[in-house]
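Read from first to last, the chains carry the letters A, B, C, D and E; within each, the first residue is number 1.
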Amino acid sequence: MNWIIWLIPAFPLIGFLLNALVVRRERAAGILASVMVGLSFAATIAAMVVLEGAPSEAKRLTWTLWEWIRIADFRVAFGLLFDPLTAVMALLITGVGGLIHIYSIGYMHGDVRPVRFFAFMNLFVFAMLMLVMADNLLLLFLGWEGVGLCSFLLIGHYFDRRSVPPGINPSEAAVKAFVVNRVGDVAMLAALFAIFTNFGTLSFYDNPQLGISGYLDQAIVVAGEMVDLGAFGQLPLITGITLLMLVAVTGKSAQFPLYTWLPDAMAGPTPVSALIHAATMVTSGVYLIVRNHTLFDQPASAAPWVLVIGVMTAFIGATAAVAQLDIKRVLAYSTVSQLGYMVAAVGMGAYVAGMYHLLTHGLFKALLFLAAGSVIHGIGNYQDMRRMGGLRNALPTTFRLYFIGALALSGIFPFAGFWSKDEIIAHAWFDARSPLAAIMLILTSAVTAFYMGRQIGMVFFGRPRDQAIHGHESGVAMRWTMVTLAVGAVIGGLINLPGLHWLNSYLRPVLQEPEVIYTVGMGILATITTLLSAGAGYLGWKTYACDLEPRIRVGKEDPLFRYLGDLWRGMEIGWGLDWLYQRVFVRPYRAASVFLSDVVDREAIDQVLVDGTARGLVRLAHGLRALQNGYIRTYALMFLFGVILVVAFFALRG
Amino acid sequence: MNVAPLLSFMIWLPALGALVVLALPRERVAAQRIVSMSAALLALAAALGVVFFFDPARAGFQLVESIAWIPSWGISYTVSVDGISLWLVVLTAFLTPVALAASWGTVERQERTFHALVLLLASGLFGVFTAQDMLLFYVFFEFTLVPTALLIGIWGGAERRYAAIKFFAYTFTGSVFLLLGIIGLYLLHGQATGVYTFDIATILASLQLGTLQLDPAAERLMFGLFFIGFAVKTPIWPFHTWMTTAHAAAPSSGAIDIVGLLIKIGAYGLIRYTIQLFPATAAWAAPAISVLAVIGILYAAWIAYQQTDMKRLLAYASVSHLGLIVLGMFALNPQGIAGSVAHMVNSALTTGALFLVVGMLVARRGSRELKSYGGLWKSTPVLGSLTLILVLGSIGLPGLNGFVSEFAVLQGAWRSPGLGWRYALPALLGAVLAAVYLLHMYRMAFLGDAPPELAQAPDVRPRELALLVIMATPVVLFGLYPNLLFGPMQQSATQIAGGTLQYLASR
Amino acid sequence: MVPTSYYILLSALLFTLGVAGVLIRRNALVLFMSVELMLNSANLALVTFAMARQDIAGQMVVFFVIVVAAAEVAVGLALLVAIFRTKQTTDVDEIHSLKG
Amino acid sequence: MELVIFLITAVVAIAGAVAMLLSPNAIHSAIFLLINFVAISVLYVLLYAPFLFVIQLIVYAGAIIVLFLFVVMLLGAERAEDTRERFAWQRPLGVTLATILLSLIGYLALRNPLSRTAVADQHFAAPERIAEALFTTYLLPFEITAFLLLAAIVGVIVLHTAGGRELRTENQELRTKNQELRTKN
Amino acid sequence: MTEIVIPPIDWRVATQLSIVFGWASVLLIVALFIPRSRTRIVGYLAIVGTLVAAGAGIPLWGVNAETFSGMLRLDAYSLTLNWLFLSAAAITIVVSLDYLPRQGIERSEYYILVLFATGSMMLLAQGTDLIILFLGLEMLSIVLYVLTGFAYPRNASEEAGMKYLLIGAFAGGFVVFGIALLYGATGSMNLRVIGETLTRQTMTLEERTYMLAGSALVLVGFGYKVAMAPFHMWAPDVYEGAPTPIAGLLSVGSKAAGFAALLRFLVEALAGEWQIWAPVLAALAIATLAVGNIGALTQRNVKRMLAYSSIGHAGYILFGVIAAGAPGGIAGQRGIEGVLLYLMAYTFTNLGAFGVLIALEHRGEAAWDMSDLAGLWNRRPWLAVAMAVCMLSLAGVPPTGGFWGKFYVFTAAWLAGIGWITVIGVVIAAIAAFYYLRIVAQMFMAEPVRDTPPPMDHALRAGLVLATAGVLLLGFLPTPAIDLVQRVTLAAAGSVQP
């Protein structure tokens, strides 16, 4: 029954091909796409059932489709792998993905290019599934880049618009997403090269079908190897590889300092943001680290750096989210921040916790995005929160669902976010012995609650600020998908509830992580955290829904600007990394390109060296022709000159 | 096993077709098209026959045909294929009918001559890729200059005459050194063994058996002479300006041949001669050459971004690809060499097809300036999608052809003891830059809002669709099943790489 | 007895004078004369060597040289006359339209 | 005695050559050249070349110089050149190069390998010997000179009868056309 | 009165010479009986003469004999060259048949003079005595002076004739002086005897100095004939001014003859002094290459460009000449072969190129500006193709005859141990390709400036086909030509049997 696993990615691929080549009508496309993802979901369940039957020592299903690349000793299989880790991811992808597809049927109704949209959505699901199901790094990379491509395509869905709210050029944002991702991808490739060079394989585990051995089991073998960095001394090989992977993660999972593409990615349709830029694609970095955890478990690995990056990202993202005025941008920065949690978790070795948060976040962030989409959809495609206000009456269901999502995100007991986030914080405090990280994460949690409170206050409370906006509730398909997700957001914590540790045990074949022993200290920590969050959330709501509400107007500064000043500005532009990159990379790159093209290439190499040689010869030719002046006596003079030289040489040598 | 003079058939058929086409009356365009296309297709059939009879399990030259040409000089007409040349031959056979079909309706004057020149060029290229006699190789190598220069000069764009002459003079300058190298090797071999021959297989055997032992200085001199010739032809940075000029001026349908094939003969020569014949020196020179290659990758990619002329942009893209190709072969391991050859094929396919796209765009708008375009994906969705596949293939998206060869090349470079990550890592940055310039181009032309002139631009016509699909099919196919490409070249690449192993091991 | 060197020296001197004539004079006629002077001095050297070697060959060559010189002068003067008809000059500096 | 004759003749020959060189009048030049030729013919006698002595006088002094004089007078070109020099460097450079040449050949002359020995056979180049050589050993060159003279005669005839007025006018047109073309490009 | 006994003469040696000179003399008389309007008949008869002479050479293949007191030799070397001269002459006459009446300068003497010139060239190839070489040189010169000035009273033609004559006479003076010195040193003018004297090494230092100085001066004489720098300066002016077919003949026949004599002189007489003359010739070869090709670079006048190019080619042929003298085995042999093969390819190519120029020339109108060639492909495609083939051959692009010539001389030079010179050679070849290609570009890529060229005569067409076919045949199937030249040997100094 192992073959069943290739059905999982096959369905979305078929959906993509049919939608791309055959289907022409919106409804058919939407239904086809949803059905295909649904079938994929079903196949995942089936595969999980099959997986249960596998022996516990090697709890994985593999299926090699064909040998992908073979050059001498370099061999890579086009092979699929299905183990508990994959299963969890695939479930999230197909499950949440399926819901979002269904939601999109309603959301994308009347869109300019719905068929193309659904085709690309299916392609994305396929690519994402390839990412998590690959049995080797190269195939994983296929998915890795594939999701980047789909992200590019879907962000650029409105490619013919010059600007979508909030003032983003979709085609530019799409290119930016792809290019920034590429930076990470390149590091990933480098990691691949290093791994193959040192392990001689790219397979995670032994592939019996082709006789390729796996590298994850050999991690310990190369633990002591060093890479010569010349003037910079030496670097342990493992450090190098894991560092490169970390860079890859920062790109794909929108970590500091490469997160800048994610806020701009909000130029895509909202379901895209929900699926790709919240629930799935951006989590692939976390998956990558978890998959390669044996490398990160080595003493010399870059895991501490992972933690640092994660914590920084969590904090930076959260603070930036505070200052956003666009409903989706808040969520985008929030995603950055939450991804930071996950990365921090895997950075300190709490892989299950990371995965746990990945799953719950997938549920509630998807919910939030969809609800935000519902808001946007409901008020006629406005995204500026300053134009909203008081929408809880017009969009009651959406408001409730949004509120659930916000509570989950803020980590309020007993919503899903509470459990997963607190597990990370607890891990940081007790196991990783990193109180600084824990404090930062707690602080971030408070900030998270604050901006969610702020957002809810701004959007749903207060008075309607724009008379032109009349909200209406979304259709059935959209509403019920949101409800389904909301259920998940509420009870999602169950999957790894303290004491039950379902996820922990399910992932045990992959992650031999001890179950967390809960202590009183943990309870205290959780209580403090939750109280802090609740307080901050209330503060946010209070500030924006009541106290300062009259000051919120389009064209006016945000109320908090008065207190925070330039700091606010910094937060508003996502701590200015875009600004910095513009100056440090983009503009110099362009300027250098102009310089290289016009000065170096055209002038120096082509004009001076190449054509210059020709011109020099021409000048020489003119000189020569001047000598050829037409006067016989000059010719005779030259002649005599030659005679003297020849005779002198002959006579004097002889 | 020599079934029939399949290779000779393949080489000379296009030339014959060219003569027939020229003999046809000027007005009978349809007949000219039929004749030229059938010659090209027959050559393609012959090439496929070659593939059929080729035994991928063997390393050496296969399907050898040999006739004495100038016996007193040891010059013979010897043609054969090995794993390295096989796909380049097929590529030539594949692109020739495409180039011909692409010219239908776009070449306005002297169509007869155009067909004849394309066919002559095809003959020359077949000859280059199959000749296993150094002098025969040189004859074909130089012969390709003539039709190419004429193609550029007669049907090219604004600077066509300048470009044609520059192309000819520049690459000719390079190849005269090649001639010297050939003569020198011939004489050294003759003096050492008493056998005066230009046959590569014989010389190779002598080198491997040690009957011909070159002292390092002589070997480096030979290597240098061969290298200069091929480096200019390839072109390796900084010898690339002829190419960007020529490509900018080339006609779209002619350009596909030039991009696709002509520049590959330099790279092919680098493998066949500099590396295969002088492995020790190749290993000695590999770091220096690789530096040039890496510079070329980054430099060209960087410049490409700034180009407003789509053809120039693609020309720089080609230069960048060629840097990768050269880096791969000088990794001197099977991955690098096989990847390098595969990248020749892949880059020819994607870049060539993109040139076709540019031709189609020009047909719609009459301009090659990127600024004149925009939003085309809306009005021409099929063209936009197919172009996107080609662009992505060129960027090196996994699952498409560019990736596998790029990966193989870089993997080869990374693990090569002579190069290592110091070379591969900067080269890898080229992948970012490639995404930057190609997506920039795609964005400028196909995304964004459309100028009013393009709002009603017609989508692909059946002929265009057929051309693009034909070009895009291998792009996907090779991406998913690259062993089709790598399979036959396995043995040859391993064998060639084996030559350097001894040297590297001793270091 | 006059040493052979004297003759050769004289021949060299006359030869040089002939050469100088070609270089510094502009009248085509005088140029021809200078060439004749060169040939004559060469002849002198030949005859001298013939004498020194007691060999007739040198003198035979002189004989042929004289014939050649005569033929050359004849053709040269014919050309000169032809040019004079169109150009009305024998100044070689006046004929320099072909150049570059 | 011989030396005296040699010296006098040599001085005359040199003087004749120099005068020919420097004389602005072509007729004078021809006369001075004649003097030089005669002086050389005297030297031929000293060098036991009686036949060449005669030939020198007849062909050079008689025929060639007369031809020169005839042409000079026919054309009236005795003062064809003005004294202005077009290139300032031509004459000094010419003289310098000539001087170098002279020193080179002079150096050779002084390293003369053939010291003069006593003449064993004063008639080694008697006219009959020459005649014999001419028809035996030197038969081929002799025949060749015949064709050479024939060719020269044909040439001279050609150069004096070809063309006509028609070509002459064309000649003018040709020049203007070329001129136009050059300026156009 | 002693009786003069004419020594026995081996007429085989002089067969071709006798036919050419005899036929020329006969034609002089025949021409008197042919009306002016039918002058072309003389041309046809002259062609017949060359063909007969060429045919007469066939049975002589393999003969290696001397006659006329060792002054004239017939061997494979001279026979090959004779054929070359005869074919050059035939093609020249063929392309002149139409040109002369079109230009209004048709006279029967023209064809006869071409025959005389051919005969003189053959003398240069066959002569083994400095006297013969001198006479051949001078006769060739005198005939060519006349032919150059043949378009009299055209200014250019006259001027060219005068320049050629003055420089030629000047050069002649040096040659005679050189012969005098050589004679003084060795006591002989026979090349073989000189060579033997050298090999015996019984020379005193003074004699050797004399010998070398004399050789230098003789070398200068040949150098002038082959337009070797710096004795080349007459060439561009003379080529431009001469009637176009004569420019063609000058560039191939006269040059080939000069090389024939130079090669024989250096190999048979001076092989022992290779160490001395090789560097000098190498330097001169480089100078020649540079001057010729760089001078041609900016010429808009195609005829003049071809003149400069022909100077440049002399440089390449010199590579072969240098190699030919190299001591020890194969290099020398390859050098001789290279020179011959190069000359063959070059002869056909240049005659073809000049032939195309002839086809373009209207009466009284110079048609050799670049613009005259513009768009020729559209006006006269076959002319353009012929010219392109010739240009590519001159540039040395395979598969044309010119390529094999270059290939041969480079190989020879490499074998002779002067490989470094070939590096300069190839660089300059690349520069040269530039201006040859400019012509091709003009013909194929530019829009026409001038109107259609004059209608083509059958004879001219035949001549062009002949020349172009020769170039291509030599390119695709060089084997027969290579086999031919490989049978040619020149005995180095002292080793030949009388």
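One rule holds for everything that comes next: contacts are C-beta pairs under 8 Å (C-beta built on N, C-alpha and C of every residue); 3 or more make two chains touch, one makes a residue touch a chain.
Values in this document were obtained by computation on a predicted structure and should not be read as measured data.
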item	value
C-E or A-E - the one linked by more C-beta pairs in contact	C-E
Central chain of the complex, centres being mean CA coordinates	B
Chain A and chain B: spacing of chain centres that average the CA atoms, whole Å	37
Centre-to-centre distance between chain E and chain D (centres being mean Cα positions), rounded to whole Å	27
Centre-of-Cα separation between chain E and chain B, whole angstrom	43
Centre-to-centre distance between chain C and chain A (centres being mean Cα positions), rounded to whole Å	95
Residues of chain A whose C-beta touches two or more other chains	614, 625, 628, 630-634, 636-637, 640-641, 643, 647, 651
Chain D: positions in contact with at least two other chains	86, 90, 94, 97-98, 101, 105, 108, 112, 114, 137-138, 141, 145, 148, 151-152, 155-156, 159, 168, 171
For chain B, residues contacting two or more additional chains	169
Interchain pairs in contact, sorted by label	A-B, A-C, A-D, A-E, B-E, C-D, C-E, D-E
Residue ranges of chain E touching chain D (in the complex, touch as defined)	1-2, 4-7, 9, 21, 24-25, 28, 68-69, 71-72, 104-105, 107, 109-110, 112-113, 116, 119, 123, 131-132, 135-136, 138-139, 142-143, 145-146, 149-155, 177, 181, 184-185, 204, 206-207, 209-210, 213, 300, 363-366, 369-371
Parts of chain A lying in touch with chain E, wherever the complex brings them together	614, 617-618, 620-622, 624-625, 627-628, 630, 632, 634-636, 638-639, 641-643, 646-647, 649-651, 653-654
Residues of chain E that touch chain B when the two form their complex	392, 395-399, 403, 406-407, 410-411, 414-415, 419, 422-423, 426-427, 429-431, 433-434, 437-438, 440-441, 444-446, 478-479, 482-483, 486
Contact set on chain C toward chain A in their complex	19, 22-24, 26, 31, 92-93, 95-100
Sites on chain D touched by chain A in the complex	86-87, 90, 93-94, 97-98, 100-101, 104, 107-108
